[in-house]
Each structure stands twice: as C-alpha cells, then as structure tokens.
Amino acid sequence: MLRVDLHPTHVSKCGRYKLRPGKPLPFGATIVPGGVNFSIYSHAATSCELVLFEKHAPEPCANISFPEEFRIGNVFSMVVFDLDYENIEYGFRMDGPWNPQEGHRFDKSKILMDPYAKVISGRDVWGAQPDWKDIFQHRSRICFDDFDWEDDHPLEVPVEDLIIYEMHVRGFSRHASSGVKHPGTFAGIMEKLPYLKKLGVSCVELMPIHEFDEFENSRVSPVTGKLLMNYWGYSNVGFFAPRAGFAATGKFGMQVDEVKNLVKQLHKNGIEVILDVVFNHTAEGNERGPYISYRGIDNKTYYILTPDGYYFNFSGCGNTLNCNNPIVRNMILDCLRYWAADYHVDGFRFDLASILGRDQNGAPMSSPPLLESLAFDPVLGKCKLIAEAWDAGGLYQVGSFPAWGRWAEWNGKYRDDLRKFLKGEAGMAGAMAQRLQGSPDLYGWERRGSTASVNFITCHDGFTLMDMVSYNGKHNEANGENNSDGSNDNYSWNCGWEGDSTDPNVNKLRRKQMKNAVAMLLVSQGTPMILAGDEFGNTQFGNNNAYCQDNEISWVDWSLLNSNKEIFEFFRKMIAFRRAHPVLRSSGHFQNRDYMGSGFADITWHGTKAWNADWSGEAQTLAFMLCGKHAKGGKAQDNNIYVAMNMHWEMRGFELPKLPKSQAWYVFANTDARAPQDIWEVGEEKKLENQSEFLVGSRSVVVLIGK
Amino acid sequence: MSQLTLPAKLENLDSMIKFIMDEADALGFDKKNKFHIRLSAEEILVNIINYAYPKNTGDIRITLNPKEKESLEIEIVDWGFAFNPLLREEPKTCLPLEEREIGGLGVFLTRKVMDDVRYRRDGDCNIMTLTKKIAP
Amino acid sequence: MESKYSVNIQGDVAKIELSGRLDAVNAPAFQEELKKLSGSSLKSIVFFAKDLEYISSAGLRAIIFAKQKCGVQSQVYLVGATEAVLGVIKMSGLDTFMHIQDTYGE
Amino acid sequence: MEIKNTAGEGHIVIEIVGSLDSTNVSQAEEKIIPFITDKACMVLDMGKCNYVSSAGLRLLLMIAKQLAAKGGWLSLVGVCDDVKDVMEMTGFSCFFKTYNTLPEAFEALKKGGMAKC
C-alpha cells in the first residue's frame, strides 16, 4: 500500500537531515519506512534535542532540535530520514527548570539515554574498562525487532509443575572448568543445554539481564586486592535492553538475537525462562549519582522524592522508582509486555516487589494499581508473576502480597523454617507441616493455593547449599565491608567444623544434609527453586552476599560435578521423581479429608507411630503420606507416597501406615544409605522386606512409594 | 528417559554425543561397547546433519531410554525428508581401496556394532532406534 | 585427550600421527591436510595410531581418501592401533588393504 | 562490498566481496533479487566477505526464505569463523546450509537432489 506520509516535511537546521513530525507512540526509536521514529516523554521539559553519534564516536555528529510543532501533549516525536540505523547511537538533551526542592534537575549539558532504548552500548564487553571521559556513557541504539521464531511459543507450563533453576548468566559458565566455547554468556548457557536436560529442571530463572553497569561503584577490595564490581546487576541502566556484556555477540551489538535464540532453544527443550526484573530503583543513585537518563528527562516523574526533593531509599540503593506514577507504571507495563511478546519470556520474578505497592509518597497501598494492572494485563495473561515480597524499607509481605490470584511469592518463611528443622531445631514439626503442603497458613486464607508459594532453601542471596552445611556464620571479608554486609540470619549449621574440612565424618554428614534438604524441597507442594551449582555442592567459601565478586567466589565450579557426582545424581533422581508424581504437584491446598473414597485423606501425618505425628515442642521428626488417588485434586492417578524425616542425631524407627492389600511399600530414597543405594531411578524402587516399620537413620530423610 | 533437541548442525555434534555417552557411562558399558555406541550415534547423527535437511536445517531430537543392567535404547528423530538409511546398498568392502566409493560405511558399521537398528517413518519425521545391550 | 594429527613427508614415506579422536568434526580438516599427499609418488603412507582412541566412518573415509590420492603403488601401514580401532577397521574390510603392525621399523 | 555473478555447475553462484552491513544491504538486495527465480539453487560464495552485520544476516535470511518459497534453496560457502560464530550464537545458522568450498556445496546439492527422488 502506498502511504502519503512517507516524505520529509522539514530539514534540520544543519541542513543534513530530513525530518517530519513523528508518532508519539510507541515511545523510543522505531524503524519506519525511510527512517526512524523517535519519541520521548517529558512533563516538565521546555525543549528537547535529539543527539546522534556515529558508533563509538566521542563527539556527536548531529544535534537535531525537535521543532515545537512536533510536540503532542508531553511527548516529543520526530521521524529522521535516511539514518544508518545500524551504526547510529542516539540520546537526548532536555532543557527545563533546575529546582531540586521542587524535584526538577534538568541539565542541558547532559546527553541522556532513551528510557525505552532496546539496545544499549557503552559496556559492550564485560569488564572492559570504560572511558570515563566519554560524555555519553550509556548510549541508546536502534534495534531490529524482527526475529524468526518459527513456531516457538511460551510454554505455559502450570506453575506448580515447574522446577526452577536460578542462575547468574555470567557465573553459570564463566569458570574455566565450564568447558564452553563462550564462557560467561547467553551462548554459554546454550552450550550447557544438554546438561540442563540431564538434570531435568524445567525452567531457568535468570538473575538480572537488563542493561546494567558492572563498574557502578567499582572499587578494589582492601582484603583480597581484587576489583569489586556490581556483579549481580540489581541496578538497571535500561529496562528494555538485554545486558550487552552477557552476550558473546555484544561486541557486534547482536545481544538481542543471542538472547532470543537462547529462549527459542530452551523452549524447544521444554525449558521455560523467567527473568529477574528490578523495577524498584535505577543505577542513577541518589543526589550524588550520575545522569544516565531518567533524572534528566523528568526526575519528578520517575522517582519517589521526599517533600524537599531528596530521593527516598526504600531499595537500599539510593533511589526508588516511582512505580505507581501513571507514566512509570505504563513504562513498566510496556517493558514487561515487550519481554513477553518480543522475547517469548515465560515469566518474571520481581526484585523487592513490595516497593511496587508503595504510593507516590512511599506509603504501602492496599490495592496498588501497578500490581493490579500486571495481574490483569492481557499480554501478560499467561506469564508467571513472582514477587520477592519484601523491600529494604521494612515492608515484609510474605503471605500478604496483593495477588488477585495471579501472583506467586518467593516464600522466605519456607527457607527459614526448613533450615531450622534441618539443623535440628526442636519443635519445628508444626511449621514444617505448613511448609510441606504449600504453606496454607500463609496462602490459604485468600484461596491462593500452593501455586502461590515458590519454595526454596537457597537462592543467589545468601549461602549456597554447600555453604549452608559448612558454615555457621557468614564470611564476607572479601567484600571489603568488615564482614558487616549480608544477612546474619542464616539458620545454617557447619556439621562440626567451620569451612572446608578433611574429616570424612563431617563431609559425610554434609552430603547427607544436602540430600535431606533437596529431598524435602522436592516433595513439598508449591514450586521448587534450586540455585545453580547446588546440585554438585558449589561453594562461595562462606560468602553469603557475593554481589560484588566477579571471580571464583561466585562462578560455578564445574570441576565439583566430578567430585560430588553423588550429590548431582541425588538431585537428578529427586527431580525425575517429582516430575513423575503428580501427587507432589497440586495447585490447590489439601482438604485433609478423603473425597475420593480411597480410604485415605489427601494428606495424613505420621511419626514414629503411624497416624501419630509428634507436634510437641521437642519434635525433631515428622512423616506424612500423600494419597495417590487425590493427585491434582483427584484429576490424576498416582502412587501413594510416604516421607519420613528424622532430624534427631539418633536413628528412629518409623511405623509405616498400612497400605491396601494389593500394594506394598518400595523405597525410592534413603539419605542415610551409602550411594548409589541412597536413591533409585524412577520405576526401579526397591521393595521393603519389612512392610510395617522403617528404621530411619540419624538426620535422614526416607521417601517411599506404595504401589 | 531423557531427551535433548538441538539444531542439526555439525557444531552441535559434540553436545549430542556427550549427552548420549554420559548415559552410557552411567549404565556401566565397557570401553569397547562405549566405542560402538559412540560410533553408531555419530554415524546416524552425521547422516542427518549432512543429508536430512538439504535446503535449510531443522532439529534433531534424541531420546534415551536406559534400562538398568539391560540395555540402552537411543531414539533419533529428524523432520527432514523421508529417508531410510537402512535401505542403502551395503558398501562393497571387498573392492580394492582405490576403487571404493567414499561413503556408505557409516550405516554399515552401525548395523554391525549395535544389537538392534530400526527405522520408521512417522508422520513427517524419520525415527531411527538404536539399541545396545549390556553384556551379562 | 586432545585430538591431533600431524603429517610429515620424508622422501617417499608419509608419516601421519593420530591422537584422540578422528570423527566427523575433525576429519574434514584432516582430509584437507591429506591433500598435501596428492601427486607425490609415495611408496608408503604410515598411520601411527597408538594414541588414537576413536575413529568413525568419517575418519575411515579420510584414510581411504589418502590411499586414493596416492595411487596403486603406495602401501598403507597402520601402526600400534588399539583393539577398538582395529575392530572398526576390520569390520569395514579396510584391513585387507593395509599392513597392520605393532611397531614400525625404519 | 561487491557482488559478482559467476557460473558454477548449473547453479547460481554469487560472490560477495567485502563487508555486508546496513550501508550496503539494500544495494546487495537489489542485485541479488533478480536471481531468485523458480527452483533456483543459489550459492553465495562468502570466501572474500570479511564481515556480516545484523542487517546483513537479515538479508541472507530473507533471500533464503524467498528462495524456499519458490522451491529453491540457498547455500553459503566459505563463511569466515567470526561470522560463523555470530550466526551460531544468534540462531541464524539454523536457517542455512554452509560449506567450506564450492565443490563441497555442489556435491551436497547433487546428493540432496538425488536423495529427494
């Protein structure tokens, strides 16, 4: 079709560029016939200039003012014709009031990145020292929005059927032992696909992959002399652009295609992708921070400010994004829709999500419009939405995060209770019963079901599993803050020796405790999450806050896969077990009754005596049985499963509940047994000689199936 | 059972072979049998990589069905045009080396070293199934 | 073990050392290397295969290729091959066209 | 960038010399499109092409798709390692058959044709 609006109407002042009024939506830079449409919002700016650079050039090649007649409402938009869209970098200059008390910080001397930039250059290769004299550090670029997805589609696996694997893109394959061709990149993850398939996880959760600056606050550790960086990346420069430094093709500016290809290949193998997104603050920091974008475009819109114009710091990172401002709210929606629609991402985990529920003055709201919009958004309709239901401002909402039946939560109580029980704290049976059945005490009252609970024992934040059984206290000296950073509430136990040990008994107990932990995790209702590397005992040497450690402390050490093969095998088989047994994966909570006429309630509690759990203050044991006829609320058929947990330092005999005549108990896992007799392949469980009692070893977990 | 799907490219051959050999290791095959499993897997995979998708490329799906102490069954699927490599004429191993046609050896070797090799066409895919028994 | 090959021509003898694997991934490059042999009237082509762990039909093809490049008059020797490698060579009938021996005397 | 049409065993062989990027893709497109005819087997000889940008890769994919729609196909020959790497990591490699040399490509085309019958 011929269009009549494809011709320039204006010429830039310098005479080199042909222009015409642009379309205000969509925001950002969009390739249109003959040129590029630029569009940017600012409420308080008085004028705006488009600044163009040739790739990597120190000085701009053009400054093109938006003619006043190109502004519609509070949006400046313009089409520039005949641009070499592949080799151009662009930014904006905004003029407007300088009045910090009123919230305005315009500075015409600064060149600002587009908040909607879909590709950002400036930190193209991880760890390459930036040129600090560069007047434009983070440069917006124009993105090809096409990609041949063929028949790919988000997988839409029910959340309760997922097994999530949390990883840092760089840390996963950066270690010399990873054996990949492109270490520390998205392409490196792709090379590990056969490994992920073998392990059996069905979802990878990537720690932040939005563009950030690893050199933000970089410094040298006074203890180790190593460069400390923003390694985790919970500090966005831009929300729409993938991290160039994580892409092997970043130096060619092809990170967008590399990420999309990773998602496509993972999907092909039945593995979903969840992104860890950080909408609580930006990398601009507080009053003393740099001008990257938002601050110079419309400070008052983007940030929550105190009445006298300072930055509120609910994130612990200097500023707080003004999430419930309608402009910012729309930006977040646009952003998530973009990742869901253009990158086929399956879901999101929201860092410090409680901030998303604060109003423009910072007060928590009961029905935050942003969270509601996300819950009901049409494009995000099938996306997983997972909240880290707390913030650094003291809001802790595990169990009370506004959900509209859509939101799941990182269940911090699950982690804490499980760790306490595991280390032998007495009287945890009651709490454990809640955690094992999807925390109905937290999520039952709103009928949110066990799908609301993302269960985890370890995540990037805190000890690794190996460290949780090797250290009583954190060892963060290398972070250069006198070991004052990082959580003190680890509920960890070193099994008798602090740190690496040569004592075979200590090491044996540690292995057993790791197996106990993962066995409990994978028989719990809810969605389990595993930290990458835990499946072969990766260590951070006791560092429980390795956010700044871009080195062997954080990188997953693949050589441990050989030395801890036994742990890996246990993980692999437990994962296979969970995937084989729908009775472990209910979406709703148990009803504690027999509604299928099977003779058993959906879940029943036991102890050293069948049908008699010890709920006392001294209890260190617990057992339960799941009735296979009640699997998936009665919609699926499964075996009966019985799990006995003895966290006492002495062995205990557990009387087994009697099965119907045609069935017998088979042992699937017994963490007290020596490998490879500790766990069996699914379907090859060993029939018990004694069908009435099982002697559960000290600090051990036993998993039986009745068939 | 475990499964892996990768584009049919020579670059992915090592990944695919490793995926299969890890399982063979776990099942405790001896050195010689592992050699044979590797050999036949490579032959079939390379065949698909080179010939199944002449116009562009597509995927290969590998499914492993291990039976402890019994056997390893490897199912290899592609969506290329219908082609039964087992119908290929056997190479004339008796001809002098100079006159040998280069090619055709792979499938021949596969049939020799595996306990069972089958081909079937199902819908739009070719399915090869290779089985190796664990010697008692 | 790393897969390596080296081709040395000394007079009318080509000595070729093989180690690691000779498979579909590295055979094409090896075959390319073998083109060096073409045209030269060699008396013998000697493959030292002591450290060769694995060979597939792509590798066998490279050997056939070498022989074809050099013509009828040249003899092919296979030295020190492991039992597994030898098995494949025998199965494919290549053994009848080469001298298989444990060591190679000058 | 330079585009040459050379003859080769009944196939359309096009040689791309220099780099292929946004500054010259439309030029290249104009020159190549006339060769996209029914059942055309096109071989792009990239032996002297040292760089293919994102826009260049998109052009190649577009050619491959247009050829496929007309019952033909595209093979690439002599792609340099850097470009091959990028194609692999970004998934573009999934859409192309690549060969080291022209004779290899012709051989494969011959076999592909045969096996199809």
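Letters A, B, C and D name the chains as they come in the text, with residue numbers starting at 1 for each one.
Quick note on the criterion: a residue touches a chain if its C-beta (ideal position, glycine included) is under 8 Å from a C-beta of that chain, and two chains touch if they have at least 3 such contacts.
Just so it is clear, the model here is predicted, and its values are computed rather than measured.
Taking the mean Cα position of each chain as its centre, C sits at the greatest distance from chain A. Separating the centre of chain A from that of chain D, both taken as means of CA atoms, is a distance of 40 Å.
Centre-to-centre, using mean CA coordinates, chain B is 24 Å away from chain C.
Between the Cα centres of chain A and chain C there is a gap of 53 Å. Under the contact definition stated at the top, the residues of chain B that touch 2 or more other chains are 7. Contact of a single residue of chain A with at least two other chains is seen at positions 265.
By the definition given earlier, chain contacts exist for A-B, A-D, B-C, B-D. Listed in rising order, the residues of chain A touching chain D in the complex are 84-87, 144, 146, 148, 182, 185-187, 190, 247-249, 252-254, 257-258, 260-261, 264-265.
The touching residues of chain D, counted against chain B in their complex, run 64, 68, 73, 88, 93-97, 108-109, 111-113, 115-116. Remark: chain D residues 21-23, 53-55, 58, 61, 85-86, 88-92, 95 touch chain A in the complex. In the complex of the two chains, the chain A residues touching chain B come out as 191, 193-194, 197-198, 200, 265, 268-270, 681, 684. In the complex of the two chains, the chain B residues touching chain C come out as 10, 13-14, 31-32, 35, 38-39, 42-43, 46, 49, 91, 93-94, 96-98, 100, 102-103, 105-106, 108-109, 112-113.
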